[in-house]
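Listed next: structures, encoded as C-alpha cells.
The two complexes that follow have subunit A in common; it is paired with subunit B in the first and with subunit C in the second.
Up next is the complex of A and B:
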C-alpha cells in the first residue's frame, strides 16, 4: 500500500473544494482579524503598564533626582516630564505618537529610541540565537525520545526536560559561570563591548545563550514529545507502523507534520519566556541588552522607557505568534 | 541587582586621610598602589565600574547616577580642586587659591599650561562659564552652597573670583566635587564629546562603555597609561567575575560581597579605602520620641558598634563615634569612643520618662548594601535594652519623599565623607537645606560660624574640636561605623587611588607592571 489512501491528515490539509485564491483570501482575512485582536491586546497591555507604574510608590522625578535637589526643582522637573498631568492623558499622548515611531523621552531626557537603539539588536541576537537553538534541540531530543516510547532515552529525557525547565535561568547561569569560566577559564565571564556597542567576541555570547536555552529546551522538549505522542495514537501513524515503515520515516513523514501546529504554538509561547529570561541573564553576564534597560527603567519609574520595551517585546512575540498561527492555518487549513 | 542609583554619586564623594590597606593579594602586593617600584609607561588599563544603562549620562554637570559615567567624566574633565591625602583639598585645574580677609571672596588661579584636549588654553572665562552652568542645575544650590551664579566672575585671563554669601573657610573644598570645566559656550548637544582638560581624552563612548587615551600634554604632570577602557557593569557580582576571569584589571567600588568572594583568591588585590561611606541612624530632635537629648544619648549607648561593623559590613569598615566627617584630618580623635553600656542607657531612658510599652518604627531602604541590615541588627540590639523597634522598609523614591528630612527615626547614608564642616553646614546647622534630624542648637551654630570665620589653622582646629564635642553630645546622628570603599585589582595594577569617595577616580598615577 502506498500513502495516498492512508493519510487522512494530509487529505484534511488540502481540502479539495477550496481553491487556492479563496484560501489565500480566507487566510488574509483571518490574519487581519488576528492582528487586530493582537493590537487591541497590546493597547490594553500598555494601558495596564502605565497604570501599574502609576501605582508604584514614587515617580520618575523623585526617582531620578539628586539628594540636593529642592522641592521647587523637583516640581519643575515633574512638570517638565508631564507627571503633573493625569496618567490617561500621558498615555494618550504616548500611544498616539507610537505609530510614527515616537517612543517619547526618558525621565533623564534621552530619546527612548536612542536608548533602545543599541541594546535592542543585542537582545534580539541573544534571544534569537537561543530561540533557534532551543527549537533545534527540542526537536532533536523530542524525536529521539519518541523513537522508543517508554524506552531508556524517553525516560531520561522525561526526567531531564522537567528538571531543565524547573531550573531558573539564574541557577543555570551561575552553574555555567562556575564551570565554564571561573574553574576552567574556557569562556569569558562577562560581556565586554567594543566601540560599536556589540559584544567584543562571539565567545561572550555562548554562556548567555546557553543559560536561556537550557530551561527553554526543557519546556519545548516536553511539548514536542507530547505532540508526537498524540500523533502516534492517530490512525494514520498506526497504519504506517502496521505497514512496517521505519521508525525514523514514521516520525518524520507521518507523525511530525501533524504535530507541527501544537509544536509551533508551544514554541511560540517560549518567546515570551525567553525575553523574560534575558532580564536575568543579561544582568548576570553583563550583556548589554534591553533586559537591563527595563530593570533600570522600572527602578526609575520611567514609564515611556518601560512602555517602549514592553511594546518592542510585545511586537516580537506577536510576530512569532502570528507565524505559529500561520503554521496552524497551513497545516489545518479549513479544519480550524 | 542590589546596586542602586543613589549609591554612585553619594557613595562617591569626598576625602579623608587614609592609609591604603591591601587585605590580600599576590606576591608583588607590597609594591602595589604607589608604595614602591618604578612606574612603567604604557599599557591599557581595563577597569570595570557600576552603572545602569537607563541612567547613562554624559553631562559633567548633570546627575551622574552611574559610577561608570562619573569615572569617564572625571578622567576627561578636571575639577578646580581635588581630594588630597595630607591636605583635605589639593589643586587640580586651579593651582592655588586665596581668600579675602573676611573669608567671603576667594580667588582661584588657573594652573599654568592648562589646555583643552584640542590645544586651546584654559581661561578664567571657561571656568566661570562652567561653574555658572553647574550652579544653574537643579541641584546647583546644594553643590555650590552660598555662591550665586552672578557671584562667579573672571578677573583677567587666569583668575576666577567666587563671592560667598557668608564667610566660608571651606569654600575650596566645595569645588572638589563636580566643578568640571568645559570650554565656554559649549552647546548642550556637544557636551558629550566636548574636549576636557583632564589626564585622558575620549577615544569613543558607547552605551556606558568607553575608551580613553592619554593626554600627553596634561598640565598635572606625566600620565603613565596609554589608555583606559571603561566597562560598565550592572551588578557587582558580574564585575567581580570579569575580574577573576581576567577580562578586566580593576573592579572599581565593588563592595564587601565581591571582596569576600575575591578574598579567597591569592591573585587579586583587595584595596580598602577607609572612611568611604557613613551609614548613620537619624533621630528627629525637634519632636517625637527622640527629642529628649537623654533618649538620643541612650540610643547611642545601646548600639553594639563592633557587631554592626562585623555583621553589616562583613568587617570591611571601622567603628565610628557619632561624629560625621571621620576622614577629616581635623577629626577629633581625642573625644572618647562611645561603647555599649545598657545599664547607663536604661537609666538615661528612665530619667527621660521614655515609653517602653510603645513600638518604635525605624524606616530604612535598600539603596546601598547593608543599609537595611543595619536597621534590622540595631532593632535586635535595642530589644536587649527593652526597646521595641520595628524595621519598616521603604522603596527609595517613597523614602526620599516621605521619610527623609521628616521621619522620627530612619537610616541614611553619605558617601560624601568630605569634612566635619561639610556635614555640619549641609546637615546640622539651624535651617540647613538637608538638616536630616531637624536639629537646631545655638552653641553648635556658634561653633560652626566660629570655624568658618577663623583663618588660622591652629585656632580653627580648636574651634572644630568644640563643634565636634557638641555633635557628639547632642546631635540626632547615631553614627555607628564607616564602610570601606573596596576596589578589586589584578596584581599588575599599581598606583591605584588611596582615597575614599571621589578620590577613587583619579587614575593618572596608575601604572601596569606587565
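Up next is the complex of A and C:
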C-alpha cells in the first residue's frame, strides 16, 4: 500500500511539506488498517472452510480405501494422513505452512503443490485472458452506451448486458460449440494437450475464453454504465458539458476518473464469479487446468486439494480487492 | 411472481412497461411447472436408439440411453425452478429480517458487513463443492442450503443499504423516543417501507439461484443421474453432441431462456434504488 501514500502529497500540497508528510503518514496508517482487515477476513474464511470440511461425515481415508480393506488398515492410513489429531492442531499446521508454499499432502499421498503446479499456468492463462478481455470490453461498451444516455445503443446494451450476465457459462459454451465448432467447423470442440501439458494450439483457448467473457462482460458493463451515470450527475461533469466540451472528452477526462473506484470495486467483486466459471468451462472443454483437478478431488473427497484451491482463490480475490482499495485511495486522495 | 403490486419509483412509469417484461418469465415458469403433464413418454425408459435422431415419435430425438429428450425436458424444469424459488424466498426472508435489525443495531450491522466482506472471498462454485463434499447424498437439499448460505450475506447488505436512510428518519426516531422495542421498530416501522426493495431482491435472488443450482447440476453435485434435470442432461449428453445435438441444445436453450426472462422480469420490477444497491 505504500505506493498510494506519496501520490496525493505530491499532487496537492507540495509547498506545505510538514502537513504533507503528516497526511502521508495518515494514509499509510489507513492503508495498513485496510490490509490488516482484508488479511484477517482471509484468515477467518480459511478457518471456516477448514472447519466445514472437518465436519463432513466421511473423510479422505475412507473415500480412497480399497474394497475389503480392514478397519486396522483404515486406522493406520488415517494416522498416516494425520486425521486422528485434533482439528485446531491440523489447522494451525496448515495455515502456518501456507505462506511457505506448503499446501499439504493429498489423500493419495502426492504433494498438493506438485498436483497443482502443472495445471495452474493453464488456468492462469485462461482466467487472465478472460479477465483482461472482460475489463476492456466492459469499458468500451459501457462508455459507448454512456455517450448517448437513453439512446438506441444504450437500450440495446442495457438489454443484452442484463441477458448476458444471467447466462451460466456452460450455456454460453454450448452456444459457442454449436456455432463455432459443429456448424462452421472453425474451432476444435475439445482441448488436446501438448507434450508440455499446455493446450496444443491457441485456437483451443478461444471458446473457453469467450464462454467466460460473455457473462462477466454483461455484469461489468452494467457496473461501468451505472458508475458513469453517477458521475454524469455530478456538478463538475455538468460544468464541463456547459463549457461545450465534446462528449468523448467529457466521458474520458471528466466522468471516467471519478468512476474508477466504483468500476474497480465492481470488477474485483466479479473475480470470484470468473474463477467459479473457470471450473465449469474447463470441465466442459476438457481443458487441462485447476478445474479438472478440482472435479477429481471432489469425487475423492480430497480435503487438502480442495482446501488448497479455496485458499489460493481466496488469496487471489483478496489481492484483487486490495488493488481495488488502492484505486479508491488514489482517486479519493487526489481529489481531497 | 406477484408482479402487479409493485409501485415504480415514480407513478410516471407506465404499468405496461413493467408488466410486459414479466410475461415471458411467468409463461416459462408455468410451462416448466406443468411440463410433466404434457410429457408423452416416461423419463426413465428408452424409447429409441441412444442419441437417436429426431423422428415423428420423438420430436427432439433420444439421449445417451435412448430416452425421449422432449419428455425429459418437460420433466426437468420443475425441480430446478422449484428449488430456485425456495432458495430465493428463504434468502429474501432471512436478508429482510437481518437487514431491518442490522440498521438499528450497530453491532449486528458491523457483523453483517464483515460477513459479506468475508463471503465474497469464496467463489460460489467452490462453496458448493465444499458443501457437497461435506454432505454426501445431500443432493438437491445440500445445493439449496449452500445457495442460501452463500447468497444471504450479500442480500442482507442490499436490504441494509435500502433501510439505512429509514433508520434515521423522523418516524422511526419518533417511535424510538416513545420507547418502542427493537422488534417493533424493525418489523412495524422499517419493514413496511421496504416492499419494493424486498420484491426486487426476490427477483435478483431467483436469477442467482437458477444460476447457482444449474451450475451445481452441471457439475453433478446436486441431482443424481436417473433424474431428469436440465443441467444434468447437458452434462450427460455432452459426449453425443455430434449425434443428436438436441439432447444438449434443448436443455441449454431452456436454462438460457429461463435465466434471461427471469432476469429481465426482475430488472423491470426493481426500483432504480434497489438496482443500484444490487450493483454495489
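Here is the rule we go by: the second predicted complex is superposed on the first by the 303 of 336 C-alpha atoms of A that agree within 3 Å, B and C clash if a C-alpha of one lies under 4 Å from a C-alpha of the other, contacts with A are read in each partner's own complex, and residues count from 1 in each chain.
The definition used in the following text is that contacts are C-beta pairs under 8 Å (C-beta built on N, C-alpha and C of every residue); 3 or more make two chains touch, one makes a residue touch a chain.
These figures come from a predicted structure and were not determined experimentally.
S.K.: Could you tell me whether subunit B and subunit C fit or clash when both sit on subunit A in the superposition?
M.R.: clash
S.K.: Kindly classify A:293 by the partners it touches after superposition: subunit B alone (first), subunit C alone (second), both, or neither?
M.R.: First partner only.
S.K.: Let me test your reading of the model: by the given contact rule, A:177 touches which partner, first (subunit B), second (subunit C), both or neither?
M.R.: both
S.K.: Considering only the touch criterion stated at the top, classify A:90 as touching first (subunit B), second (subunit C), both, or neither.
M.R.: neither
S.K.: In the superposed arrangement, does A:118 touch subunit B (first), subunit C (second), both or neither?
M.R.: first
S.K.: Is A:236 in contact with subunit B, with subunit C, with both, or with neither (first, second, both, neither)?
M.R.: neither
S.K.: In the overlaid three-chain picture, which partner chain does A:254 touch, first (subunit B) or second (subunit C), both, or neither?
M.R.: Neither subunit B nor subunit C is touched by A:254.
S.K.: Contact-wise, after the overlay, does A:301 reach subunit B, subunit C, both or neither (first, second, both, neither)?
M.R.: both
S.K.: Where does A:328 make contact in the superposed view: on subunit B (first), on subunit C (second), on both, or on neither?
M.R.: neither
S.K.: Which of the two partners, first being subunit B and second being subunit C, lies in contact with A:284: first, second, both, or neither?
M.R.: The answer is both, since A:284 touches subunit B and subunit C.
S.K.: Between 146-154, 200-208, 236-244 or 254-262, work out which stretch of subunit C sticks into subunit B after superposition.
M.R.: 236-244
S.K.: Just to be sure I follow: which residues of subunit A are touched by subunit B in one complex and then by subunit C in the other one?
M.R.: Touching subunit B in the first complex and subunit C in the second, residues 56-58, 177, 182, 189, 283-284, 295, 301 of subunit A appear in both lists.
S.K.: Where on subunit A is subunit B touching in the complex?
M.R.: On the subunit A side, the touching residues are 56-59, 62-70, 73-74, 76-77, 106, 108, 110, 115, 118-119, 177, 181-182, 185, 188-190, 192-197, 282-286, 288, 292-293, 295-297, 299-302, 305.
S.K.: Touching subunit A in the complex: which residues of subunit C?
M.R.: It comes out as residues 114, 117-126, 129-136, 207, 210-211, 214-215, 218-219, 221, 231, 234, 238, 241-242, 245, 248-249, 252, 255-256, 259-260, 262-264, 267, 276, 279-280.
S.K.: Looking at the complex, which residues from subunit A come into contact with subunit C?
M.R.: Per the touch definition, subunit A meets subunit C at residues 41-42, 44-45, 48-49, 52-53, 55-58, 159, 162-163, 165-171, 174-175, 177-178, 182, 189, 222-223, 226, 265-266, 269, 272-273, 275-277, 279-280, 283-284, 294-295, 298, 301, 303, 306, 309-310, 313-314, 317-318, 321.
S.K.: How about subunit B: which of its residues touch subunit A in the complex?
M.R.: Going by the criterion above, the answer is residues 1, 4-6, 9-10, 46, 52-57, 63, 65, 138-139, 141-143, 203-204, 206-209, 211, 231-235, 237-239, 241-242, 244-248, 394-398, 400-401, 433-434.
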